[in-house]
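Sending over a structure as structure tokens; questions will come in a sec.
Residue numbering begins at 1 within each chain, and the chains themselves are lettered A, B, C and D in the order written.
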Amino acid sequence: MKKLINDPADVVKEALRGMEAAHPGHLRVDHDHAIIYRKDAPRQGKVALISGGGSGHEPLHGGFVGTGMLDAACAGEVFTSPVPDQMMEATKQVDGGAGVLHIVKNYTGDVMNFEMAAEMAAADSGIEVQSVVTDDDVAVQDSLYTAGRRGVGITVLLEKIVGAAAEEGRPLQEIADLATRINSQGRSMGMALTSCTVPSAGKATFDLADNEMEVGIGIHGEPGRKRLPLASAKDVASLLVDPVVADLPYGKGDSVIAFVNGMGGTPLIELYVMYNEVAQILEQAGITVARSLVGNYITSLDMAGCSVTLLKVDDELVGLWDAPVNTPGLRWGC
Amino acid sequence: MKKLINDPADVVKEALRGMEAAHPGHLRVDHDHAIIYRKDAPRQGKVALISGGGSGHEPLHGGFVGTGMLDAACAGEVFTSPVPDQMMEATKQVDGGAGVLHIVKNYTGDVMNFEMAAEMAAADSGIEVQSVVTDDDVAVQDSLYTAGRRGVGITVLLEKIVGAAAEEGRPLQEIADLATRINSQGRSMGMALTSCTVPSAGKATFDLADNEMEVGIGIHGEPGRKRLPLASAKDVASLLVDPVVADLPYGKGDSVIAFVNGMGGTPLIELYVMYNEVAQILEQAGITVARSLVGNYITSLDMAGCSVTLLKVDDELVGLWDAPVNTPGLRWGC
Amino acid sequence: MAEALTLDAFARWLKQFAETVHDNVGLLTDLDSAIGDADHGTNMDRGFKAVVSVLDGNGFESPDALFKKVGMTLVSTVGGASGPLYGTFFLRFGSALQGVEAVGTQELGKALRAGVEGIVTRGKAELEDKTMYDAWAPALEAFDRAAPEGTAAALAAAATAAGEGRDATTDMLARKGRASYLGERSIGHQDPGATSATMLLESAAATLA
Amino acid sequence: MAEALTLDAFARWLKQFAETVHDNVGLLTDLDSAIGDADHGTNMDRGFKAVVSVLDGNGFESPDALFKKVGMTLVSTVGGASGPLYGTFFLRFGSALQGVEAVGTQELGKALRAGVEGIVTRGKAELEDKTMYDAWAPALEAFDRAAPEGTAAALAAAATAAGEGRDATTDMLARKGRASYLGERSIGHQDPGATSATMLLESAAATLA
């Protein structure tokens, strides 16, 4: 394992110290609870947004704390959902009287831990909590009898857009409905050229030959749905975009935010090559790209690979996307 | 070689198409010359900033084109300096009557190609051109009889700060002097956990065993000054920061911008772990961190590793650093 | 009938399991690498290390107080899927012992059942979803069947049945948890949670009789 | 004295070199991987492919026009260190032939020297800096020494001397170009630019006699 770390057991703790040191004007970190707060939380009268999940997906979620996005992020161990105590504590700290939205990615562990937190918060403090569970990964079969689809790329876009709506002062129910709508209008699919290595495991989660890739992977180094021979950027783009477009489906005349995301070990030059292919496929399908995002935003440690997320948007969503945001990971307009 | 690309010969061309598609509101790309322009260039009366170099260092330089930073970036082939025609063309296109500053990283090829461009531009068009050559890499011995030090991390900070000064309308000579001063107050050092792979070469530039790292590497996949056993983040931080601090030297009471940069294949979580160590070393040395930057900004394709850059700053430089910037790679204040 | 189980015996059970988990971090994580995210070993190890230090640092009035504390500790330190599942197991296990004077075979069986029902309520797993429930369910049945022969026999039977359930997960197609993302490709791999659950029962058989 | 060199012969030289470079892309890039940035092969190949298409697409009035065009083409397509260096070489080589009626051995020798002086002016390399100049310098001397025996002999001697110079770079510590960043570690590796320069002279020996 080759990583810039000290003891694998300390990675999350030390990264949080690093984040705090690097963003002293913007963030506050509760190291006992591994919670990253917006420096000026709680904001009176504003619905507060909390997210969280296993670490290893940086900048998600801690890097999306700040004006116009999250009020707090709870960091779990690498790829391990945070515990209910964290979400409870964060909920109490950020509530400004207007209630709290929990943004949860659909993984069994995350859902259960957030559920327990919401139950405890309701019993304990009477803070109004609503939850949205993201499940945009079309690589996974959706069914009542399974764990359902994973929450992946849409989480980034949702946190940004819903964050802007919260900043406008909209009430909790409206915020929760908006979040649900965004999730329902977004789809993603990812692939890997290499496995990631979980620090505490010390070796790659799966092995891929030099001429192989995994298609349909998530963001936890879990193997994908199928292993295919290595393909060109053009073919990879089709493998990702086609099932995404077919699933909602997106059609001629639709407007989208197109998000090409790197898995942490993929350099920007390759992501732009990918975006070039994705943009061409969308153009041929008559789908308009209203906005785009290209970069490493929801990652899987050092995995090389990428994912494509499309979110169907209208003027309202585009307006909220364009609204000012000031976080370590996404910043514009202020 | 595992990369999200098509034909290795087309990587740069296609990445430029992707950049153009991803940033339609901000950038304009001349594909014949592989030049990325700020959409509103030329700006009358403003000194124009041009940089350029081999590709493979993204977001540098194309990702730093925009308000408050570069007016144009010339993209060479991967790790190959652009040709004089590109710099000449860019110089003509961006000059707004106040002259043009060429920002050149100190590599034999870059220096020679920019020199030829400046000679040609002077002969051809009478545009006033000044050049600054960055050479901040303390891993390399500086001497009159060598190629001198490489230009690395300081280039990012310089482009930002000088870009802000140009935006203020300062004259060319002042801009050039400021650039020289910044370069003289900045030092860097880098290391690699893995080699990068040049697409056209198809295999790693050098081989590192699982328990080895290269210290003193540049950004072109060139091997470093020494190969050492893999070390902890804490020890790596010392290996990088100590020679940097000793070189200028930086001392008690100095204020710096501290920049922890990833080489392209290193995820953010590790860079924050590194920043935590760097911040502690600086604190112990009595050096104040006025501002910090943590992320993959001047990369070496898919190389895993990092570099540390320190720039000694005063209030003027901090003010210029804080000034609005709007580029794909760095954005704040607007 | 055997002696009632003591607080000391319960602590020995948990400590023995903590040791077993620690010795098998690699195994559990490897199983989780194949069909999950390579953290089940470290998750369990983190949680049960915390449990041991809670046991070492506190005196408990009663088994139910002890197990509720264990459950809370797991919920607060493990995270992931196994944290709420094992946490809920021990919380319910403890609740079932509330007010119980002497924990004999029958009471132990009831507590185990309450704990497993907690797991099902939380995780909504069904039989053959390829989860820890596939070890727990046959274990409960085996326990009840052997209960007339006393605690030792019942726990031994439960542990054996859990092991068979664990082994049976190998051929199942996962429908819950992370392994479900693999679809058909989950077949052929043993479930990590069923593996740790079996160890928990094996530790019980070794310490609670 | 031998015949004067024709435009056709010069074109054959450049095409033969282009072919040699193309066949040796891997070798040149491997050499550059060891002490540089793994692009010398592709740089040269890109440049000389462009040269060949310029040669195929144009008629030239005179050798100096041809070589200036070759130099400009290299400057405009290669980039890196080798672009300006080889570009300047051919620009100066062409200039030296300006107004020359018939290119005999002496004129060729002068042109080579002018080209190499261009390389030195651009790159400021000195002997034993471990650059292409370490192949060029002994080649010029050998050429002049053998010049009385005619073009063929002079070029053959130059190519041989270049090869010896190239081989000698292996033991040198680099002081110019990227290899200089390696310090002591540059010792033991042959310089890529000296290797391509030797090939250029070998191609000349094979085609210009």
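By our rule, contacts are C-beta pairs under 8 Å (C-beta built on N, C-alpha and C of every residue); 3 or more make two chains touch, one makes a residue touch a chain.
What you see is a predicted model, and the numbers here were worked out from it, not measured in a lab.
**Q** Using mean C-alpha positions as chain centres, tell me how far subunit A is from subunit B in Å, no decimals.
**A** Result: the chain centres lie 29 Å from each other.
**Q** Could you tell me the distance, in whole angstrom, between the mean C-alpha positions of subunit C and subunit D?
**A** The computed centroid separation for subunit C versus subunit D comes out at 75 Å.
**Q** So what's the Cα centroid distance for subunit A and subunit C, whole Å?
**A** Roughly 32 Å, centre to centre.
**Q** Looking at which chains touch, is this a line, ring, star, complete or other?
**A** Contact map by chain: line.
**Q** If two chains touch, include that pair; go through all of them.
**A** Every pair of chains in contact is listed here: A-B, A-C, B-D.
**Q** Can you tell me which positions in subunit B touch subunit A when the two form their complex?
**A** My answer: residues 2-6, 11-12, 14-19, 21-23, 55-56, 58-59, 63, 193-194, 210, 213, 230, 232-234, 236, 260, 264-276, 279, 289, 292, 294, 296, 299, 301-302, 304-306, 326, 331-334.
**Q** Considering the complex alone, what residue numbers of subunit D touch subunit B?
**A** 29, 33-39, 41-43, 46, 75-85, 122-123, 126, 175-178, 180-183, 185
**Q** Going by the contact rule set out above, which residues of subunit A touch subunit C in the complex?
**A** Touching subunit C from subunit A are residues 54, 76-85, 107-109, 112-113, 115-116, 139-141, 145-147, 150, 198, 200-201, 205-206, 218, 220-223, 225.
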